[in-house]
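Can you keep this structure in mind? I'll have questions shortly.
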Amino acid sequence: MKQYSTIEGADGQPKKLSIIPVDFSAEYRVYYEDTDVAGVVYHANYLKFMERARTDWLIGLGYHPQQPANSWGIIFTVRFAALDFKKPAYLGDSLSVSINLVTLLGASLEVQQQISCDRGILVSGKIRIACLDSERFTVRRIPIELRNRFKR
Amino acid sequence: MKQYSTIEGADGQPKKLSIIPVDFSAEYRVYYEDTDVAGVVYHANYLKFMERARTDWLIGLGYHPQQPANSWGIIFTVRFAALDFKKPAYLGDSLSVSINLVTLLGASLEVQQQISCDRGILVSGKIRIACLDSERFTVRRIPIELRNRFKR
Amino acid sequence: MKQYSTIEGADGQPKKLSIIPVDFSAEYRVYYEDTDVAGVVYHANYLKFMERARTDWLIGLGYHPQQPANSWGIIFTVRFAALDFKKPAYLGDSLSVSINLVTLLGASLEVQQQISCDRGILVSGKIRIACLDSERFTVRRIPIELRNRFKR
Amino acid sequence: MKQYSTIEGADGQPKKLSIIPVDFSAEYRVYYEDTDVAGVVYHANYLKFMERARTDWLIGLGYHPQQPANSWGIIFTVRFAALDFKKPAYLGDSLSVSINLVTLLGASLEVQQQISCDRGILVSGKIRIACLDSERFTVRRIPIELRNRFKR
């Protein structure tokens, strides 16, 4: 079930030997809507690609994206994001977006995400996500069933 | 209270003499996020500028954008849009977005909207908006208080 | 190579018998970024889904999305769009976006597009697209090679 | 010419006494397009508000947003962003977005940005921006004239 990702070496090239397992990975194409007048993907839109991957991860674990709110009254919300923009993505690129679950706490989780294409790693980021009550936005524990799925 | 707009002549230049009254007009700048790799504003984003103007129109009439849902349990939703893209808008342009209320019915309204800058009219559109129940998305009558404000 | 689509009947339900051939169709998921506070997909974003399908159509015909600009110095730009918003799309929906080539002229084309899911047709639209010089934004003829692919 | 901003205290409330100078500040309203189904502003869109402020800062210094590319052949591109999401923004909020120039080097700058409204600070971020050749995306020195404006 594990997928594997390469780590970028000191020279900025992917090091084929040091592969690390990733918890999820999906492909998304760059369309016109994602680009800006500078000819590359607008920086804020990389966060959208990362969020798409997290939603598809949830789906891959067996949950509809509306299920956290509808079944448990919770939402997952980004509390912190650190993004390293290494190389630009261009119109038509097929982007591979990976997720590594770094930390899983009672009411939050932290993931490491990488956006890469055939030119190497483009953007890497660390995202901290909190589990909140979907109505009152107060902290809530992640349901045990879902926690177990995250850990596998 | 009436504002005035120019109509574009056959030569594509605004005809200064044939001004028409508009119900509302506001200015919005074009930022990087609005553009795409072709170097101009991405076509779907003109609908966003038109929607911003409609929201600011509501605010100008004395209503917070959340008030329709919170006070009356209604939302306004676009049912039909016809858009004529005449000239492109560029990064940094200051866009003037006008609204002309064309039809006001019991549960819907139709507006004519124009996006223009110092190079003339860029986009013109006809937007039909329905008043719906904010929970069940069924048709609802526009509250009489709001109808009276729309008509002035 | 032809794909088929259903036509919506008078009762708003897809009529399974009257299928029409479509020139292209692709599936796209609705993510958080596509929705708004009303709980459904923001109206302007349906234009994005339609544009993604047109880009994937081009790719399906054998062209990278950058090829029109890079090889022929042209871009395709939306000149007119009429959109009928019938039903809302929700977070997590898998949207099927179809393209029917209605008119193919020397320097423009018109397509009929439908966005549907398992609840039927959500949005239908008519989009007129012009072929322009990518630098000067003047009208250009569609390259004969590409015209032939469109027609098949 | 200096504008002033409040710092959030330990209790999460703005401390009126400890004001710090900011290099630029501007107001932006939250529209439907900025929100998502969770009822608040979609996390990636806060980066857009921050970018709008940086563009308006440049305009305030006397430069059209196209001038860096057109006059000097450079673009400013985000290389790193760290974002702290403290409280959500809602439809209709008027957001104040501030910029503090923290570091100004030969070919890059770092700014501290805060997004706040009458409920206090919502998002704070540190953004590192590089000056690149607009065609080749290689590092370029910030033009001396512009550097002097940034420093005041």
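Just a few scattered comments:
The chains carry the letters A, B, C and D, assigned in the order they are written, with residues numbered from 1 in each.
In the analysis below, a contact is a pair of C-beta atoms (placed from the backbone, for glycine too) under 8 Å apart; a residue touches a chain by one contact, two chains touch by 3 or more.
Keep in mind the model is a prediction, meaning the values are calculated, not measured.
For chain pairs B-C and B-D, the one joined by more C-beta pairs in contact is B-C.
Set against the Cα centre of chain A, the chain with the most distant centre is B. Averaged C-alpha coordinates put the centre of chain B at 28 Å from the centre of chain D. Work out the mean CA point of chain A and of chain B, and you get 36 Å between them.
Centre-to-centre separation of chain B and chain C, using mean CA positions: 24 Å.
The residues of chain A that reach two or more other chains are 32-33, 38, 40, 44, 48, 51, 90-91, listed in rising order.
By the touch criterion stated above, chain A contacts chain D in their complex at residues 38, 40, 43-45, 47-48, 51, 69, 75, 77-85, 88, 134, 137. For chain D in complex with chain C, the touching residues are 32-33, 35-40, 42, 44, 90-91.
Chain A meets chain C in the complex at residues 29, 31-33, 48, 51-52, 55-56, 59, 64-66, 90-92.
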